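Below you'll find a set of structures to go through.
The two complexes that follow have subunit A in common; it is paired with subunit B in the first and with subunit C in the second.
This part shows the complex of A and B:
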């Protein structure tokens, strides 16, 4: 019976996507106390950025990918400027409402431009996949897992081994103390927004060949990221990753 | 009563004849002017939507909880009327009741499931509920007629009123809307309304004023679901045809935008916002394709530039009513004067609180006697703040027992301890910023268990008396946020006093005050002491403690190291060593 390991493989692949989005979500909660209801729209926009770049402008996939990620990081800063910055001293509720507004605005703007029919994005590799011990390893799922693992490792290295990472951590733990120590807190918060958007965008691009690119993907991914956070313990980084993986696996077994 | 001009209730009641006149006028207008079908539809839509948006005023504006499923409750009400009249042959009003009840049941269930947690949980849960309801309405065709919707929905038949006629039915909607508007407007100045606003502004302070936070939130969300269902039910009768797409997530956002644009602090804001957003899209037809994108952007812009909505702009034009200068009944503090052999009001036995391996409190005993000022002192990190948080119920103790007036309160929630007579102030001031000074203190006077908590007129009087006592009577109608830090501390003290507590717990009241403010605080505390109020004060300011304390308990590293009269305790060698570091005779003498 290879059904159980096959489902586990698919579940971990989907779970890795949820984990990436949930990670971006939880970083914003920690750095800026922002519960971002437009987190899924980051993924949706990232995927559409790839559609525009590779399908419309004909940029080769491996060139378009880094461009899309950088665009998303820039978008994260823009997003912070519109929804968070003017409201940052007014408590959590106004910021939550404005991220809800942003989510509606982004989804419907893309809807107006691209219409409701889903777009198709190619996978990272041309080969469909390979078989190992009775389990079919879809190349896109392998790519998702490898990229997610690489991103987690990269984040670990940045947060634990660099001065920038220490500053980001200090900002998320105590903004007042961090600013007293001379850390540019505002810049750290903006970096977190940029990173969170880039992470969400990457997840959207990775999942695009599996889910199709549609306007509705944002809401679905937002809900999953939120659920992953609740499963893993709200505001916990390892919790978000484990919660995402658990959600993906449970969902895959549940659907089978 | 001298305070009459200051009583919000009195104002509301005086508005009643005007309201009645307005209803008669609108009815006359609605039945005399035969409306064009198009105008009629617009007004009908605005009226039924306004009822649902008024629900958002309660849950979001008053109580500060965000619901994204108002269109779902609207839909439940609408489908109640539609299926009830078309498929089950129920009379209109019975079907309407069924719709409202189903909206209420779902609302309360969602609230119970999510409102114990942070505000964003309700937002997520309501988004999910909204999506699920849309799927059910679309796919459960056997019950709901599926995506085709329900046709030929009946209007009520009441002998003599001819409500099947469009104008007359509009009259019904408008009268309902007026009733709702009046209720929501009045709600804000009731005990429940103030409790909701207190929860919105500061949950911890609200709970120490005796407010059941969870219950209040569920009630606010329940009321909003009722109004959603009511508006939806009337909507179904108005248009005689409904379909699932009218009650989707997008419509919830439209309703939210209406509330935010008009202003969530007032039902008149709801009317204004709804009216504008029903009429504007008719003018801006070219936006049809992108109207949700525009609404999304509008939400952000309103939050940034117009946080109180359009109706909020009118606040700048209004002047607060002057406060009467007449005599007020003094605070009933004297009744609590103790005798020589005073009983123990608050008994604490073996109280312990461990955070992992850290023993922040380790077996502390204390007895606060009626009519005394008991001071708790100790160096930084000695466990004073943990002690207060355990005593007031914000933390659960690891071991030990707390009793107030002879009753064990160890495992109870903060608001239940307040009910027993515990009032407190906070080191970092926690006032209700969205409310006036008087309203803040009224919340205190409405402490459950206070003798006058149920009598609105006496609540105002008691609150004014408390403000008089701390010298803030003339600031009663100012927004509390406009006062200085030191003055806000007096608002907190007045709020606690107005509840006629058994024990007043002052958490570092001198923190952040300048010298002259500290001096004034000392005088106030001595006056309170003179009136025989039982006080437990925690502070660093040795000068202040020496001035007022009858009894001092000293903590260090979570243990009690001294307990007794001020002279003995302050000259105790352990205290000098632990609390003052190097022996300093000037401070210890």
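This part shows the complex of A and C:
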């Protein structure tokens, strides 16, 4: 019986989603000192954007995917303008409250537009999965793991190997110093918001075929991502990833 | 320009309106039924369906009238929350002209309102199926759906007698609905001399059911009985069940035949059985209700509409039998209801206020819900 590897497989799959959302979470904490309680809603909006594009407007999946990600990045900028920008000199708490407000607003807006029934979003691949050594590999979980690994690698390359990445890092470490060095801090913060929203949206799209698309999906995911952050050490990037994976695995084994 | 001047036609229509006014005044003289339905919040959609059923019943009732008057619904929004339900009821309770009430379909809301209903002392028709609601000595509650002890008995009866299976795995939500359902099913199986080989709970909104599915697979069960609260949990579980190669027969609580679940789980639910308190083809009365409903609302009705349809008809009949709108008389008339053919089944109210004791077994035939048979529980 393949109980242990089967549970490990799904645990890592679901943990990868938590890690992706936790990553978006951490980046905002570091770059803008914002604990964003609407991070889960980014995932929910990303998934709904895909539902609208691919199911409603009939855009092919692989065309709809980049459009949805770009839309989410744009939304991240709007979100920053509405919740962070006006309150950025007032300290952390008002911004946190404003993200909580935004989270409630976004969830209820989607509820009003779409109703409470969950929607179905097809997976990346037509095949449900395949079996390897008695372990059933759900194709969507495989896609989640591969994408998560690719995103982590991409993020590493951007942050460590490009000038933009260095500027973003400088901003997150010390905004005052960064601005003295001529780095456009405001632009860097906006880029972080855009990236964070795109990452959250991608996580939502990836997990939608497994968990379905519903108004409540954001809350479930963000709660877990928040826990992943705490487990991995608040504000630590590798910690968020490890925390997410650990949470996914513990959750799956815990149910057994 | 734009200065209004009185034309002969405008004067005539104003006069006609004035003449019609006494009729508006008479329209006030209706028998009022207060209804607590959700029109905002997550169950807003369901609230609309409940209103549809009630309105459909009013249409026929008001052709003849009750005690020479018309019935009128006064609806308050429960916001899909317990505090909302209590508040909505208190607004209705403050209107002495209301003769009786129709309460929510959610057991937890009925539970929250029950003490106030007792204080107000007027009959309330309810749709919540938790067995405890009619077991707390509140004589004003009348249930228009069979309670959950009957669903468990019907699941057990169908699985053992019709499908001839003995080794049961029970999967249930660990919330109050799921736990009570599981306990009732366990008891129903015990009556048949069967101890389940597995009783596996899960928490609502779990993201993954691999562990639960593997437990079912390893238990060696040849039939699965389930109490799922939320359709998305059911959808994820069903898909993982099929992916991990479990194909044993499955008889589920009503959520398994819910439109949302069918939509979410798709092929994964093909071939499963479910118990449903309302099925279109169950009885001539349920068929007649569905036909008219389809003409009126261009949709196939489900249990959200059928029970409110019955609730209005039962109240109309009881008020008519009572001869006036005195609460105690309406209550006595409701309690005396025997052999009333409603959309949900035949109503015979017992001393606790439970009117129905039967469930329909339906099966999912390639995504279409087909009526199998109706099982009346004999006590």
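Following the convention adopted for this analysis, the second predicted complex is superposed on the first by the 256 of 256 C-alpha atoms of A that agree within 3 Å, B and C clash if a C-alpha of one lies under 4 Å from a C-alpha of the other, contacts with A are read in each partner's own complex, and residues count from 1 in each chain.
Assume a contact is a pair of C-beta atoms (placed from the backbone, for glycine too) under 8 Å apart; a residue touches a chain by one contact, two chains touch by 3 or more.
Since the model is a prediction, treat every value here as computed from it, not as a measurement.
Q: Judging by the criteria at the top, classify the pair subunit B and subunit C on subunit A as clash or fit.
A: clash
Q: Answer with first, second, both or neither: which of subunit B and subunit C does A:35 touch in the superposed model?
A: Touch partner of A:35: subunit B, not subunit C.
Q: Answer with first, second, both or neither: which of subunit B and subunit C does A:147 touch in the superposed model?
A: neither
Q: Going by the contact rule set out at the top, does A:226 touch subunit B (first), subunit C (second), both, or neither?
A: After superposing on A, A:226 lies in contact with subunit B but is clear of subunit C.
Q: Return first, second, both or neither, reflecting whether A:92 touches subunit B, subunit C, both chains, or no partner chain.
A: first
Q: Pick one for A:253: touches subunit B only (first), subunit C only (second), both, or neither.
A: It touches subunit C, and subunit B stays clear.
Q: In the overlay, answer first, second, both or neither for which of subunit B and subunit C A:7 touches.
A: Once the two structures are laid over each other on A, A:7 reaches subunit C alone.
Q: Could you tell me if A:101 is touching subunit B, subunit C, both of them or neither one (first, second, both, neither)?
A: In the superposed model, A:101 contacts subunit B only, not subunit C.
Q: Does any part of subunit A touch subunit B in one structure and subunit C in the other, and if so which residues?
A: Looking at subunit A, the two contact sets intersect at 111.
Q: Could you pull out which subunit A residues touch subunit B in their complex?
A: The touching residues are 35, 37, 82-83, 86-87, 90, 92-94, 96-98, 100-109, 111-112, 219, 223, 226, 234.
Q: How about subunit A: which of its residues touch subunit C in the complex?
A: Residues of subunit A touching subunit C: 1, 3, 6-7, 10-11, 14, 111, 115-118, 120, 128-129, 136, 138, 207, 210-212, 214-216, 220, 224, 251-253, 255-256.
Q: Mind listing the subunit C positions that touch subunit A in their complex?
A: So the residues of subunit C in touch with subunit A come to 42-45, 202, 205-212, 214-215, 218, 231-232, 235-236, 243-245, 260, 263-264, 266.
Q: In the complex formed with subunit A, which residues of subunit B make contact?
A: 64, 66, 68, 118-120, 123-124, 127-128, 131, 249-250, 253, 256, 260, 289-290, 292-293, 295-300, 303-304, 307
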